Each structure stands twice: as C-alpha cells, then as structure tokens.
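After this come two complexes, each holding subunit A, first together with subunit B and then together with subunit C.
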Partner chain A sequence: MKKKQLLLFLRTLNARAYVRIFGQMREATWVVASVLGGFFTMTTYIYLYRTLGTGSEFSGLVVLGGFMTPFFMNVLWGVATQLYWEKEMGNLELMLVSPAPLSAFLVGLSVGGAMHTMLRSLAVLFFGIAVFKVKFTILHLPLAFLVFLVTLFSMYGLGIVFSSLFLYHGRDAWRTADLVMEPTNVLSGSYFPARFLGVGLVGIAALIPTTLGLDALRQLLVPSFTVKVLDWRWELLILIGLGLVFAFIASWALRSVEYKARRDARLTLRWQ
Partner chain B sequence: MHTSIQVENLTRVFNRRGTAPFHALRGVSFDVSHGEIFGLLGPNGAGKTTTIKIMATLLLPTSGRVTVAGFDVEREYARVRPLISLISGGETSGYGILTVEEQLWMFSQFYGMETPVARARIEEYLRVVGMWDSRRQQMNRLSTGMRQKVNLVRGLVTDPNVLFLDEPTLGVDVEASVVIRRIVRDWVQEKPERSVILTTHYMAEADELCSRVAIINHGLILANAAPSQLKQDLDSRAHYEITLDRLDGEQLDRITAVMGEGNDLVLGADKVTNSPMLMAHLMHESDIARLITALAAQGAALEYMRKLEPTLEDAFLKMVGRRFEDEEETASPVS
Partner chain C sequence: MKGFLASMYVGLQIESNWTKKWVWLLYLAAYPVGSFLAVIILYGVFGQKTGLLPYALYGTIFYYSLSMVFFDMAFSVHDDREHYQTLKYIFLSSTSYRTYLCGRAATRYLIALAGIGINLCWLVPVLHLPFHPSWAYLMAGAFLGYLVAAGLGLAMASVFLLTIKLDVDVVDALFGGLFVLSGALFPPTAFPAVFARIAEFVPMSPFIELMRRAISGKVLTTFLSDMSTVQLLGRVALSAAILFALGSVLVSFGSRQAQRKGYIDVTTAF
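The block that comes next holds the complex of A and B.
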C-alpha cells in the first residue's frame, strides 16, 4: 500500500471511529440504558445460579459473559447492519463517492465501536465485581488481554463480512440480524459454559468468535472453571485462524458486493 | 476549451423482479467543458439522477461510456473519486450528533486531507456561507437551509474538479438559494479546471447559472444548447406589451395594415387601469420603431411598454410536450 493510500485509510478510520467514540457519548441516556440493561441481565443469571446452588465460578463466568456480550451486539448492530443504515441515511453514497475504501469505514466503525463498547463492558464488569463480590485471578491477565484482543479481531472481522452481505440484501438481512441475535447469545454460551451445548452444537458455535473467546477467558480468569471446550491455547489459535479467514473474506466480499451493488443499483435505491 | 466530462451513447436498464425492464437512459450523449456549469433538466423520472449517479461512479452503465477528467467511470473509478463531489438536495447525510465543524472535518478525512488544511478550508467556506458562528451547533438542530449550506461546504472543502449538484436548492428558502447559487457561480470561476453538473426543477436557477443545458425526458436528450438559444428557438418573434392612453378597433385595423403580414396585434385592456393594452407579436425586433410611429400617427400616446422574453420554462414545456407527441407518432428513440 502506498503511503498516500495508507494515510487515506488511517484518516478515514480515525474519522469514522471518532463518530462512534465521541459522538455517541453525547447520547448519555443511551449509554446509561445499555449499561443498566447488561447489568440486570447479568444479575438475573447470577441469582439463578445461586438459587440452583452452583459453584461460585458460575458467577464469574456470567460476569465475563456480561462483559463480552455487548461487543457481539455491537458487531451485529453497529458493524454488520451499519452499511444498510448508512444507505438509508444517505451517507453510503458519499462514502462511496469519496476515494476512501469501504474497508476503512468498517474498520473505523469497528475500532470506534469496540472502544465505545469497552466503556460499557468495563462498567458491567465493575458492577459485577463490586456488587456480587466475584473474584478473578490476575495471574494470566496479559494472556487474557491477548485472547480478548484476538477475539475482538475475529468478531469484528465477522461483522465486516456480514456488513457486505447486509449491504446487498438490505432489509432482509437486517431482519435476519434481529432473528439471529438471541440464538447467537445462546450458542456462544454468554451466560453458561458452552460445553453444555454438546459436541455437535459447540462445533457450529465455534464459528462465532465469542464462543471460544469467552471459554478461553474463563479458563484464564476464573480459577475453578473446568468445563472448558478446548484448552485455551488451541482456542487462541482457532480464533487467530478465524480472524484471518474473516478478514480475507471481508476484503473480497466488500469489493465484490460494491461492484454488484453498483451494477444492480443497490447503493442508490433506498428502502429495499 | 478542454473537456471535463464526456458522455457517449449512455444507456441504463433497471431490471426489476416481476416487472418489465425499465430503460432509464436510452443513448444519452453530451460533454461538459472546463469552467462550465452544465444543466440537466427534465421532469421526474426523466433520467437526470441516473445520469449523475453514473458520472459519480455510484452506478454502472448498461452500455456506453462516460469519462470524467479523462478517466473511465466504470474501470477507473478509483481515479475519478478524488476529483469529484456530490451534493444532493434534501440531503440528510452525516450524523446529527456531530457539530457542523466535526461533520465537515469527518468528510474531509474521507478524502485524506490533512487536518490543518481541512480546518482552514472549513473556516473559509463556513464564513462564505455565513455559518461560522454556527460551527459548534449540532447537525440535528439545523434548519433545512442551514443544512444544505453545510452540504455545499462539505462538497467544496475537498477542492474537487467536478461538482455534481443534484437539486441543490430543493426545499431551501430564497435567501439560502441565492447564497448557494452565488457560491457555485463564483467557485467554478476560481480555477480553470473546475466544472459543475446541475440538475434542477427550477428553470430560473438553470437559466441564471448554466452556460448550457440539456433537456432530458424518458432517458433521451431532447435538446442541448445555451439557455438563450433554447429560448430563441422557441419563438423568433419579438413580443411587446404596450399600454396606451387611447386606441379603438378602427385605429388598430389601420395600424395592422401599416405593419403588414406576420405582425400580430391584439387589443385588450389593462386589468388595473382599464387603459387600452396592445399585445404586439412582431416578426423582427426592429419593427417596434414602425409600430410606435404608427401609434403616434393615430394619436395614441404610450403610457407603458415592456418587452416580453420567453423563459427557459416556456422552452422546456414546449420541448417536452412536442417530444412526447413525436414519440407517440414515431415510437422510436431520438437522441
């Protein structure tokens, strides 16, 4: 990539991330509502596990689930469906008329979305630790951070793949996102160990990066967590592989879908 | 003059599920020179926006060729995009949560501009449109006119060579429209390589701004000429409205005989003063001198006189109407 193109990519990324990070901070009620929503979901599961008399590690895995779930929601609603919304708002035309590549907008959306979500997720984590006295080991904190970053890379890569499909399929894809939200939460084991799904389902669920990412984080941060899917090292490798595959597919899909969308007038006709 | 845009035999067909293919463009050809404001006029669904979207690399042509600054919009779109800007009327682009300044900065980054350069241009253009004091206002609190001024600034900040203006004053009040037209006119004259493609429903706007206009309907170019030429082609006769202190039917007959065949005189009355009002349709502009002499010979004194100019709207309506009839008669495309 030439220096000029690299600068264009980075400036576009920065500008689009800016909207996510600083712009959305202006909607304080939305931030508060999303933190409280995550906190109450987490609370429900913790009380459920306590009522059932499960071990204390289950509270830990729920808090980690509460920490990671907003990221996947952001991937689905803030990245995958975003090009569709940009089209409805009239921004997509301007993005495409500009010399910046679509991938720069989407990486910007991802970086901005991840940073914005991080604040909400950290708030949920903080409340989980403070209110429910959940304990985590910090022995493997750097490794856990690495797993977290790789999981984000893989998740947002998947989001960019979806975004190109959503751009082409418009409203149908948006409804599909609505449809897959809850099943995805279930399959990725947000609030229970994914291994409970059984070998067949967990194999499918492993395609959702949150599944293995969460499982690895639980192994590294919750000392008594034993119901793992795979060893965290394998999970990390699979996540890296998934991330690279998603990045490759996303890069190809964006170019291909943009061409098809120009050919079939999908970029310019709204409400389809 | 160098050519900025060349459109050759452009067609675009939209295939829609369950309906017959829609031919939005059926062999459109025109070119735009550097320094020119070129107007595309036509009724709704005529093909104006489709043409602009193809020139702006948003849509692929079904056949034909379009070059912008010498680059093919289909194959070399990556080289076209840094050189163009698109501004649409009624545009709600951007993000309401951003301030005017932030929004403009964001779009400048999509063109890879250095932030200090972008900020300097944003200030310059916001001052030009009279919105510098509103720079910290959130976008979702702006009026339609203010929003459209911001859109215009967004299009200019990146210093394009070609500016596509798709109904830029749609829904905008008179003051904002005047400002937008003035800026566009000044902008295109600042650098020799600049040009503007304008689509508009407002004929007066096209008449005021455009050096040439193409009238498009049903995906066909019906005419491509300077507005003055189109108006002249509409009717070569000179038209005058003359209010007199007195004139009766007998006097009018005598004057008509003096003026000769081809010069039509119609006597009516002024709606306000009820004075005799003569509508004169003369073969040649110079005939007005003979008419005034003839009127004086009849003892009729002039109270008021004005020349009636055909408008671009008259030309447009007549042309679009005539072509509709032609199409019905011949049922064959005309370009």
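The block that comes next holds the complex of A and C.
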C-alpha cells in the first residue's frame, strides 16, 4: 500500500513537473521576454551603481541577484499563487477528485518550476557576464552549487507554505503577492548586500531564503565581497533549518487549509 | 463619456472590491512603496554625496504612475478574455473597446497618483526633498502623461488582442527596457553616448523630467537641462498626441482583426 502511494506521488510529481518544464518551452516569446526582463533589471542596477561611483565588484553582486531573482518570481507566481489560478481555471476540483495527493502536485510544480527557471536564470547570468565583463571565482563552485540547491529547497518550501494559504483566499491572495513582490526583492538583497539593511531588517529578511542564499553565494563566488551577513557555513545551516521548517509547516498547512476550504465551500468559488 | 465613466467604475470595482474599504486604502498607500524602496536604500547608503536622491525618487514614482496605465491596459485584455471571460460581453456592449480600456486605465492612474500623493506626505519632510510645486504644470503633465502611457498601452493591448498565448512578461520586458532608458532612476549621462542620446527620445523621458521640475521647482541634473519647462511640456504634448493617435488606430485595427479571427472568447488556460 505504501509502495503504491509512493508510486502515485512520484507519478503525479513527474506529470506536473513535465507540464511545467515543457509547456513553458513551447512559446519562445515567454523565454525571450523573461530573459530580457531580467537583463534590463540587472542593467538598471549596474548603471545605477556606476552613477553612484561604487566599486566594480557591485556589478558581480547585481548579476548574481539577477540570477536568483527569477527563482523567487517563480516561487511567488508559479507556486504560491498556483492553487488560486487552478481554482480560477476550474482545474482544482479535478485535481481534488483525483486520487493524486495535492502535495505531489505542488512538489512537481516546484521541481518543474525550478528546472524551467534555471534556463532563464542561466541566460541572464550569461548575458550579465558577457555584457558587463563580470568576473567570478570558480574555486568554490561545488560548494556554491550546494548552497544554491539548499536555497532552492528552502525557497520552494516557502512557496508551498504560501500556496496553502492562497488556496483558501481569492483575489486578495493575488493582490498580496503583487504587493509583497518588489519589497521582498529589495529586502532579500537582490540588488545590494543585505548587510546594508541593518541588523533588525536583516533579521526579518533572513526569513526569505533568498537573503542568506544570495549572501552565501556572493561570499563563495565574488572574491572581493566582504560585507557578509554571516559566514556562509552558518548561512547554509540556517537555510537547511528553514527548509525543514517550511516543509513541515507546508505539509501541516496544506492539510488543514484544504479541510477548511472544503468545509467553507471555497474550493470551487471563482472570481471572488 | 457615459461609457468612459462606466468603464472607470468597472476599473474601480476590479481594483477595490476584493477587500474591505479600509484595507484597500492601506493597500493603496502601501503599494507604491515597492517602487521606491530600493531607491531610498541605495541612495541612502551609497549616494548621499551625489545629491541625486530627489532626481531618482521623483523619477521612479512618476514612472511608476505611467507603468500602472501601461500594464493595466495590456493585462486587462488577458484578464478579461482568459480569467473573467467577459471580453465578449464588452465587445457586445455599446461602448467601444478603446473607451473601455481608457476608462479602466484612468482609474488605475488616479489610484496610482493618490498612492504617490499619500507617500509624498511623509517622503518630502523625512528625506528633505525639494518641494515647490507648480500646480499648473503638474496637472497638465499628469494629464498628458496619462495620454502617453495610454497610447503605449493601447498599442500593447492591440498586440495582446491578436495573440492568444503572449505572456505579460513581454510588457514587463518592454517596461523594463524603457525604465533603463528613460532616466527615471539615474541620469542617462551614465550610458555610452549613443544610448544617452536615445534616452532623450524615449517618450517617458520628457514627461518624467517635466514632473520632476514641476514638483521640485528646480532642474535637478544636466539631463534635458537645455530645454525650458515650456519646451518640455510641448514635447510631452507632442508625444501624447502621436502615441495616443497611434494607439487608438492600432487598437481599433486589433479589435476588428481579433473579431474576424475569433480571438475574442478564446481561452487557453496557459
């Protein structure tokens, strides 16, 4: 029985991830537009730093921020709000009457989302390096890859936590995501070292996995980066802890919010 | 006019009826913060000596006001067709689609301006921003800015009418490119000479500079400093006339073609 459940979970995960990866590749304009959008944001901040007369190492920090930002966007719009969109399109009821577990849909969505975002992020990184002649050290590349994977695990865990909250809510969830998108991007240090936020704000911003993940990546990949929040080893441990906590909360929240949504008849409620 | 006002009302309902009125008012005040938070932090940490904070802050918030119109017009095609599935009813009504789009976006613009106004109440005294408004220029600039953004928005809406799967990321990319070039966040003199020259001809650039001068009462950098405020107003008026006329033609063409091709009620669930 347990083997059957595991197989069902994996099949659902695979099916949802497949749609996310290959469905998103079918329209070339989606890929081009998202890469261009990321590139323009990066360009804005690089020229801003040049205007402000800061050192050239800031270009490297911005390029790394530009690499990580699409993942956060994907977590927010591709995972956190996804159950809301499924509800609006009428797919959620089909998903819920099927024997497949809802958590497998969300994990599949996260895996697929991370993989298709990777292509866009790598393209942004490539253009950043090529156009702005940014240099990174590759001495700690395997460690940086480990930090990157742990950051993704933690980020997508947070996305699944939010998706359960957004399942219950309607347009207010969409509005909330829209409201927090840019401030969260700023607070997570996508465009500047998070330490400049000050101790109090960094403490709050550390709850967003991108903050510590980016800081650790900058320590490992940008040789002249000194304004770190914590040592990258501590940041890695905190990210693992955050990821586990988010996974636990997500699993509990998904069950309880689904029950509450069923009880209050909100699973098929559209356009509210 | 009746159709325009009705569309403004629809826009207001879409923007506000998802929550209680007091929550919406808080949302209205909090929403623009995301647009200028990075400016305050970056210029606060690195740019205190440059004296460019007022330039960047005013530039960013006025660009934000235009982006709301621009994005709302393009997104509403997708939203009405795919999400609410009401686009066909709008086409069946006696109001033209262009009027509907303009009405909805006008509400979005007024909401954005209200949000900016609320935030300026604390930004000006806290950050000691120069504030010597010329109300006549501000009002004229705000009206013409709406026409500039609406012209671009209508053009984008016509593209969305004729494409089914085009994502709003396209608008984000275009909007991001114009943001870099318009000199909203930093003087385009930082660019290589060719791009700095192009920046002067981006339709948003004279609008943003006009609004900066109209609100601060002074010329903040050398960018477009060779033009008087009246000349800037003239250039914004010219841009507004050309872009709005072009957008109107394109959206009329797009509407007709979309009806012929059967794109009005197509849903793809992408």
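Basically, the second predicted complex is superposed on the first by the 271 of 272 C-alpha atoms of A that agree within 3 Å, B and C clash if a C-alpha of one lies under 4 Å from a C-alpha of the other, contacts with A are read in each partner's own complex, and residues count from 1 in each chain.
Here is the rule we use: a contact is a pair of C-beta atoms (placed from the backbone, for glycine too) under 8 Å apart; a residue touches a chain by one contact, two chains touch by 3 or more.
Please read all numbers here as calculations on a predicted model, not as lab measurements.
*Asks:* Going by the contact rule set out at the top, does A:Arg175 touch subunit B (first), subunit C (second), both, or neither?
*Replies:* After superposition on chain A, A:Arg175 lies in contact with subunit C alone.
*Asks:* Is A:Asn91 in contact with subunit B, with subunit C, with both, or with neither (first, second, both, neither)?
*Replies:* both
*Asks:* Look at the residues of subunit A and decide whether subunit B or subunit C touches more of them.
*Replies:* Looking at subunit A, the partner in contact with more of its residues is C.
*Asks:* Please indicate which partner A:Leu8 is in contact with in the superposed arrangement: first for subunit B, second for subunit C, both, or neither.
*Replies:* So A:Leu8 only meets subunit B here.
*Asks:* Taking the superposition on A as described, I'd like to know which of subunit B and subunit C A:Arg262 touches: first, second, both or neither.
*Replies:* Touch partner of A:Arg262: subunit B, not subunit C.
*Asks:* Identify the partner contact of A:Arg233: answer first if only subunit B is touched, second if only subunit C is, both if each is, neither if none is.
*Replies:* It touches nothing on subunit B or subunit C.
*Asks:* Check the residue A:Gly23 against both partner chains and state whether it touches subunit B (first), subunit C (second), both, or neither.
*Replies:* A:Gly23 contacts both subunit B and subunit C.
*Asks:* Could you pull out which residues of subunit A sit against subunit B in one structure and against subunit C in the other?
*Replies:* 23, 27, 89, 91
*Asks:* Under the touch definition given earlier, write down the residues of subunit B that touch subunit A in their complex.
*Replies:* Listed in rising order, the residues of subunit B that touch subunit A are 14, 53, 56-60, 78, 81-82, 84-86, 88, 91-95, 97-98, 102, 105-107, 109-113, 138, 154.
*Asks:* Any idea which subunit C residues touch subunit A in the complex?
*Replies:* Residues 18-19, 27, 30-31, 33-35, 37-38, 41-43, 45-47, 50, 52, 83-84, 165-167, 169-170, 172-173, 176-177, 179-180, 185-187, 190-191, 269-270 of subunit C touch subunit A in their complex.
*Asks:* Any idea which subunit A residues touch subunit B in the complex?
*Replies:* The touching residues are 4, 7-8, 11-12, 14-16, 18-19, 23-24, 26-27, 89-91, 93-100, 262-263, 265, 267-268.
*Asks:* Touching subunit C in the complex: which residues of subunit A?
*Replies:* Touching subunit C: residues 23, 27, 29-30, 32-34, 36-37, 40-41, 43-44, 47-54, 88-89, 91, 170-172, 175, 178-179, 181-183, 186, 191-192, 196-197, 271-272 of subunit A.
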